[in-house]
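What follows is chain A paired twice: with chain B in the first complex and chain C in the second.
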Partner chain A sequence: MFEAIAFYLFAFLTISMFYITVTTSQALYALAALAAGMIFISAFFFILGADFLGAIQIVVYSGAVMALYAFGMMFFDTTRDIKEKQGNRAIVFGLSTIAATLVVVIFAAPMVSNNITALYPIIEGAGNTQQVGMVLFTKYLVPFEVAAVMLLVAMIAGIVLAGKKMDLSLTLMSDDEVMKLKNEQNKKVLL
Partner chain B sequence: MDTAYLIETVIKVVVILLVFSALAGIGTYFERKILAFMQRRLGPMNVGPYGLLQVAADGIKLFTKEDIIPTNVVAPIFKIAPVITAATAFMAAAAIPFLPQFTLFGYTVHPIVADINIGILYILGMMGVGLYGPLLGGMASANKFSLLSAARGAAVFISYEVVTGLSILAPIMLVGSLSLVDFNEYQAGGIGNWIVWSQPLAFVLFWIAAFAETGRTPFHLIANDHEIIDGFGTEYSGMRWGLFAIGEYANMFFLSFVIPLLFLGGYGDGTLLGALGLLAKMAFFFFFFLWTRAAWPDVRPDQLMWLCWKVLMPLAVINVVITGFIMMF
Partner chain C sequence: MMEIGLNHYLVLSTILFSIGLVGVIRRKNLLMLFFATEILLNSVNISFAAISHFYGDLTGQMFAFFVIAIAASEVAVGLGLLIVWHKRHGNIDLEQMSTMRG
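Take a look at the complex of A and B:
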């Protein structure tokens, strides 16, 4: 009974949070609701007994939404409403409804037809974390390694993009040097 | 799920909430007294014996002060931000075993709310969520200094979360579990078995990162004292500001529990002596937070980033790699 109560409570909370995220025109509301929704989703993992995935959901998505906040801080005055450019409302509404229905059908179809079998049955005695590790390093080893390489590529690209003038420190330079640097940059812009 | 378990859990939650919100208040008293002692002052002296009732006076002041919501702020977010800080600090406490299990009137009590097998991950995740408080508070405040403080806070937390996670990885590899109870059992054999001897580097790195996680000096850039204002808390008044303080001090206490549990043997074999030992270790680490504040200045933001990305993170990675090689061969 507790599980049912918890499931419906968190289902309601998650859906209402994401509804706020989509409909509000205030950037702070949207981001805060997104973060809350992501954290509420972790409750489903905890209810299902997948503690490890639940904690990972919290760790990863709280960090990811945090990065979105950083962008929000740079691009908007977050205390003002944002005027959204809205195109044809009927098309937007129709397409998103069709997409959502499709996703539900895709995931619900195998369940309705009872066509799901567990390929890797639960190993008795192994903990939650260990089981994730076992599947990750046997069946899904190649995708796992490919993802790791892709992350490495992204990281190196990030360092190259951000690190062009990393050897210069404005705090350690004298005022003359800073002005010189500024003039050079201005020249480049004018050219 | 039987009723006895439910009642037991509710009682544990209430006890932890009461004890640690009281401790957070008394923590401010300790901080003032210790800072005063180190700076050759007396500290709070007037309210009650040795100023002990200063906590109550502060509480009355915070509770009865007018709750001001400035005109241009985003009111709902502004109001909820301090609650996030305080609530997540206490939620993190759910996975911390505060004492060894003991028997009370013939009923065995486990002083941990939820003994989940991913305890340390959950605690770190919850403390990570806690930084939404300063961030949202700063961004909703319609104040440039609050916004700057929120930006600094986000930068510090995101950077040092990496160090926390990586430094804790090597001990997790040794123990083979994420539960703090398992960590304690791994070290139950006595001082020789403490993880600090096999993982001294991880211990120091985690300790340094703990200062950043709680936003204490020398990483006190989040609420920057040098600007003579209170960073993200500038626009707050009364109990909303007080909730930020409760969250910060509760976090300090919880981390002071987590560090000994991870590295210094925790409550050992579970005897009364072991339990007192854990409390003593906790008291030392809490004292160390205050000691550092009295002894060290804040570091500059660029030094902070330099320290995190160019010193601590490579050290943590090297530590993980070496631990892996030693465990393999």
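Take a look at the complex of A and C:
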């Protein structure tokens, strides 16, 4: 009963928030609606008993990703209204048809094959976080480490791309060039 | 009606995925396109968690974790590239990025 009420409430809220994100012409409204939708999605994870996933969803999306987007939006001109693409009707229609067909296939697949068995069954008497830890650090240890390296690479890429004068290397430059660079910066500060 | 099953979650996931797909097709601004991809990734996460719950299997949750990790790194690299593009060209419209058109 309560599960049904919670499901329908959060389904309505999530769908309306994401609809606002997709249709609004103001970038700031889109950002706020997206952040709200992310938090409402974590409610589904809590309903489904995936507590750790819900906490991660809140921390990563509304903490890290939204902060990153808000930071990125300061660089861009967000006061200007966003123009919509008046694309080719045939392409839009074709892509929508393909998407609908895929959806039907995805729905039909579990009904056709009913012989799905649990690879890593949920362990009795352990909390969700404990179970996740057990599976993540035994069966999925290598993907976990690869994901960690990928996040490190993404962090360094973000710093190098967004930072100023990141194409220069102080260790490869001679002393004169370094001094010249330093003088230029001092001049800029004085100006 | 009052019993929430796997199909309810799959239908919700499909609706959210379609909303994200509409965003990807319609949007011209690249930042808005990123928002739409976030919606796509999140809708898939819901179905992963639901299948994990209803089949009593933790693999779905594991995949959802890796999807979240990929989304985070995609945002970092994508925003870095977007900032570089904005510094050079002064806009982030998708229409202007057709320099490789023959």
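The rule we apply is simple: the second predicted complex is superposed on the first by the 122 of 191 C-alpha atoms of A that agree within 3 Å, B and C clash if a C-alpha of one lies under 4 Å from a C-alpha of the other, contacts with A are read in each partner's own complex, and residues count from 1 in each chain.
In this text, contacts are C-beta pairs under 8 Å (C-beta built on N, C-alpha and C of every residue); 3 or more make two chains touch, one makes a residue touch a chain.
Here the structure is a predicted model, which is why all the values come from computation and not from measurement.
In the superposition on chain A, A:135 makes contact with chain C only, not with chain B.
Legend: residue contacts after superposition of the two complexes on their common chain; A:30 is shown touching chain C, with no touch to chain B. Looking at the shared chain after the overlay, A:43 reaches neither chain B nor chain C. Touching more residues of chain A than its counterpart among chain B and chain C is C. In the superposition on chain A, A:158 contacts chain C only, with no contact to chain B. By the document's definition of touching, of the two partners only chain C reaches A:18; chain B does not. In the superposition on chain A, contact is made by A:69 with both chain B and chain C.
Within the superposed three-chain model, A:58 lies in touch with chain B and out of touch with chain C [touch as defined at top].
After overlaying the two complexes on the shared chain, residue contacts for A:99 are found with chain C alone; chain B is out of touch.
The interface of chain A with chain B overlaps its interface with chain C at residues 52, 56, 69, 72-73. Contacts from chain A toward chain C in the complex involve residues 1, 3-4, 7, 11, 14-15, 18-19, 21-22, 27, 30-31, 34, 37-38, 41, 44-45, 48-50, 52-53, 56-57, 60-61, 64-65, 68-69, 71-73, 75-77, 82-85, 87, 92, 95-96, 99, 103, 106-107, 110, 116, 118-122, 131-132, 135-136, 139-140, 143, 147, 150-151, 153-155, 157-162. On the side of chain B, the complex with chain A involves touching residues 1, 72-74, 76-77, 80, 116-118, 121-122, 124-126, 128-129, 131-132, 135-136, 139-140, 142, 147, 150-151, 154, 157-158, 161, 177-178, 300, 302.
Within the complex, the chain A residues that touch chain B are 2, 26, 28-29, 32, 35, 39, 51-52, 54-56, 58-59, 62-63, 66-67, 69-70, 72-73, 78-79, 127-129, 169, 171. Chain C meets chain A in the complex at residues 1-4, 6, 8-10, 12, 14-23, 25-29, 31-32, 34-36, 38-39, 42, 45-46, 49-50, 52-53, 55-59, 61-62, 64-66, 68-77, 79-84, 86, 91-95.
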